[in-house]
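Please find the structures below.
Both of the next two complexes hold chain A, though its partner changes from chain B to chain C.
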Partner chain A sequence: MTDHFFVALLLLVNLRLFASSRMGSLIRGAAAQSFLTVCLSALLRDGGITAESWIFLIVSGLVKCLVLPLLMFRALRTVGIRRDIEPFVGYRVSLFLGLGAAAFSFWGVVQLPLPGGGVNPTAIAAALLSMITGLFLIVARRKAISQAIGYLVMENGIFGLAPSLAVHSPLIVEAGVLLDVFVGVFVMSVIILHIRQEFKHIDIDRLSELKD
Partner chain B sequence: MLWILLLTPFAAGLASMAMKSGRARRFLLVCVPCFHFVCSILILASESGLSTNRWLGADELSLLFLLSTSAIFTVSSFALNLFLREHENPEKGAGRFSHEAFFAGCVLLLLGTTTLAILSLHTGVFWMALEATTLASAPLISYQRSSRSLEAAWKYLLICSVGIAIALVGNTALAVSTAFDAATQSTPLTFHALAERADLLHPVWLKIAFAFILVGYGTKMGLAPMHTWLPDAYSESPSPISALLSGTLVNCAFLGILRTNTIMLQAGVGEYSGGLLLTFGLLSLFMSGWFILQQGDFKRLLGYSSVEHMGILAMAVGAGGGFGVLFHSLNHSLTKGLLFLVAGNILSLYRTKSTKSVTGILRVSPVTGLLWLAGFCAISGLPPFGIFVSKFSIMLAIGSQARWGILGLFLLALGIIFVGMWRIVIHMTFGAPPESHSFVETRIRPGIQDIAPIILCSLALLLGLWLPPPLARLIERAAVIMIGGA
Partner chain C sequence: MTRDIFASLGGIAFALLLAPFLRSIINRTKARISGRRGAPLLQPYFSLARLLRKGAVYSSTTTWIFRAGPVAGLVTVFGAICLLPFGGGPALFRFEGDFLLLTYLLAVGRFFTILAALDTGSSFEGMGANREAFFSALSEPTLLLGLAGLGAVTGSLSLTDIYGRIGASVFLEANMPALIFILAAFMIVFLSENARIPVDDPTTHLELTMIHEAMILDHCGIDLAFIEFAGALKLWTLGLLITGLIFPVRFGVFWLDSLVSLFSLATLAVCIGIVESSMARLKMGRVPQLLSIAFVMSTLWIMWVVK
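This part shows the complex of A and B:
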């Protein structure tokens, strides 16, 4: 029952990410989504949860809900923007697209042949929706920082996909993936700061010197 | 031995970031790749530590990629050393944690992560290593901190990270495909173990996995239409870095696709995976041809040529080529490394990347001009060079299956690219140098910067004339592994 509750919250947070224009609430949304994903993956590991995996879950929760959002808030302050004004896709349209994406994820899960045992279809749908949300933020928003947030959101979806399909990778691999995501977002924020210094803005569509 | 090979570059990379003396750092930058090369040769010679049932190990396929990676790194490290000496920044210095220190450190970390990717036999570890190569190389692209290089670095980092994240979905799908049969439920997710029990895996999930992995790793490899970052990154990064990216990094991603394809072949869904590979391959060939025809920047030209060759590789794997594919990837690495290093020398002579303003290289600097010509002869597959042999054996493989339509399309694309490329190269190499002497000096005598390209050029030529028997055996055995034999 609790897992359904978390899945419902996750769906709502994803819709919020589709519709929010303020960068601050986008980052908070991503943090909330990370928190819910980590909780959900702890719930879905019923029984076989060891001390090491508890530690891993706590560490990944800390990194994704606290360290990375703080890093992004810092980048946001340095860059000095509040909103993603005039995105490529308007916010009202985005919300409807989000609803469509949610419907699509549930439809997709019904189509898949699922193995028995430990698989949670609604959690798969939520994870799919998170991935789609992330990809959407990457392509539909104008600011580089929204794209970095989109990457984090998408990564959360993939992180949540494995436990909802009852796939448990070895701990060292999961730790490596977490390290990659952490360093990835870190390098992204460093490059965003350099872009800001060089261009005085971080609008992706105005980064258009290189093309054929 | 494998551990030494793996850990040395990581340790050296971190050390060089914290190192105070710029001289010692540049020394390290050359020494570590040389040491790496010697170690790879030793491993190859002794064939010790060849085990495939652990997460990290080496089979013939990884040894072949290890050898080419190590060779390109060793040769490029000399060019990198020169590059750093030329671009020394006297004001900021090159002390601890300086800009240059991070650059040199990232190069060594790139060597480490590339080695890890090649040696990892576990799908998850491979993924992790490949994403780490992206992170280690993004700061290298933006080294010059110009607006263009920052734009290129951002595109590279974001597109490749998202691409590789998509491949992670493919890994999860691979894991799910083992969950249906009781006999496969406890299979470790290593490429070899999955290939051994491939017939028991769930075919639908395998197909899902392959599609995601091909799109994911294909992004990093530079297959069209996910190639958009590639010409930007290659043209804006320092030339020795472009040589490294095109000679080593794309091969790693290709290795991931190859190993996954082996699982598909064993599982009996080879027709599906081959079809996808053929489609992406041909698309890359034609798209790169289109952009090469209208290219005005010679480093971007080389970038699109990489897209072309990745297309050839994907297509050849899809058509069931074995020996030719691996030999082609080796040849391409050497030749593209050569071309990027020469492009760097041309850039420092003319101070422009525009193909229109560069004329008469042969008169300005005969050695550079000859190397440039030789490189393009090699890359477009003219006879004495290795690529001629490998392209020919790929065509034979396609022809022997009587897939004439595909062979026709392949030749058509190659023809378009050949014309587009030589139109530019002839204009650049021959004729009189530009009137306005924007370049610094004519350089009639060969200089120290010509050594690295000359080595690569002779290797590319050597492989076309004579394939050393041990190398031939290695490639043959790797080709057997590639199609799933023991």
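This part shows the complex of A and C:
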């Protein structure tokens, strides 16, 4: 019952990420998605939530809902870019692509034989949708920061899939990915700052002009 | 059986008598929030009575289509009300798939309003008709899909059964997210179809920004009264589609159930008043985005119902 509610919210947040036009709302959306994913995976871990997995959940929740979004907001402030995302694909088309992605992930989950049983299939579909959302943000948005957000969103998807796919040691998978993303975002925010100082913009499609 | 017919006729009588009152609740709420006293609560009735006493003036360029527009608008909405269950009782006419008829009765009314607007040859009215056709083309599939979703959740195809089977317990089941998505989609369709604020401003005086009002600029007197009354009935009809989801409480006694329905409609009107006082209308170019969000919401139930 509660997990259905969280899945519905997660679906909405994903569609919001597809359609949002502002940097700030994108970062806030990613933070909300992280929060929902952590809540969902706490709900879905059937029965045996040990002390260490509690600690891990809380730590990853703090990192993904507070630290990473704050880092991104800070990068946004220091770079001082315009607030809109400048998409390669328009917002309304993106929204309908998001709907298609949602349909695809639900269809995919129905088709896939999943190990671990017992886990709410709609939750897995929502996690799959998060991964697709992340990929979409990486591919279809112009600013380098939205790519960092895309990685974070994709990480949320992996995080949501972990308890159902990696039955035996989901903790290791999650911890590894979380570390990767943390370092990735950290490095990204530094690099974005340098790109900005060097070239006065962070449009990735213009970086290819930088050949010697 | 006779009791059923009595109940459905009672529902229609309530609609005919009290529909304009919803508008005065909205206006009173807006007035109170902005610190004014507001028009008398019976003002919509006074306006209707005055318009009915007036004669109509017809431009020499218009044909019978212009005169048929308001009548067709009123008749189709009245037909829609006959299909809607009120207060837990059954609708006057009910059959499998009557939600299709409901949607398309509203569409026929809109079609005639648009034709009447085009018939005047006024450029403003053509503009209004253009916008109305565009936005309603986006909100119509939303309404239809949402109703189909309700049908799938409750396992029935007639509006009476659909709304009869939505009880308080539905919200505790796994289908609850589907209902909430449909509710959100209906809310947006409700605001757009009734020309309320995020989409259209009912009190605007600038023709360039009008949608619905621009189409009825040339109507006056009794025709305008018909249009206003049809608008109030449409507010009532689409409002019932929403309140049937928010307040799914049934006592089994006609008067109690009617009171619940009336109270929920009044609450909805207050909510619209609050929405209208708290936000400005969207830029015209942003409206399709809002409506496509509504469309996406109305499709999401599929993921819960179809496993």
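Convention: the second predicted complex is superposed on the first by the 192 of 212 C-alpha atoms of A that agree within 3 Å, B and C clash if a C-alpha of one lies under 4 Å from a C-alpha of the other, contacts with A are read in each partner's own complex, and residues count from 1 in each chain.
We adopt the following convention: a contact is a pair of C-beta atoms (placed from the backbone, for glycine too) under 8 Å apart; a residue touches a chain by one contact, two chains touch by 3 or more.
No experiment lies behind these values; they were computed from the predicted model shown.
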{"item": "Partner chain in contact with A:G184 - chain B first, chain C second, else both or neither", "value": "first"}
{"item": "First (chain B), second (chain C), both or neither touched by A:G100", "value": "neither"}
{"item": "Contacts of A:L161 with chain B and chain C, given as first, second, both or neither", "value": "first"}
{"item": "First, second, both or neither for A:Q147, with chain B first and chain C second", "value": "first"}
{"item": "Chain B versus chain C as contact partner of A:G24, first or second or both or neither", "value": "neither"}
{"item": "Chain B versus chain C as contact partner of A:I138, first or second or both or neither", "value": "first"}
{"item": "Residue contacts on chain A - larger count, chain B or chain C", "value": "B"}
{"item": "Complex contacts: residues of chain A adjacent to chain C", "value": "1, 4-5, 7-8, 11, 15, 19, 91-92, 95-96, 98-99, 102-103, 106, 110, 121-122, 125"}
{"item": "Contacting residues of chain B [partner chain A, same complex]", "value": "122, 124-125, 127-128, 131-132, 134-135, 138-139, 142, 145-148, 150-155, 157-158, 161-162, 165, 168-169, 172, 175-176, 179-180, 189, 202, 204-205, 231-232, 235-236, 291, 294-295, 300"}
{"item": "Residues on chain C engaged by chain A in the complex (per definition of touch)", "value": "172-174, 176-177, 180-181, 288-289, 292-293, 296, 299-300, 302-304, 307"}
{"item": "Contacting residues of chain A [partner chain B, same complex]", "value": "112-113, 115, 117, 131, 135, 138, 144, 147-148, 151, 154-155, 158, 161-162, 165-167, 169-170, 172-174, 176-177, 179-180, 183-184, 187-188, 190-192, 194-195, 198-199, 207, 209-210, 212"}
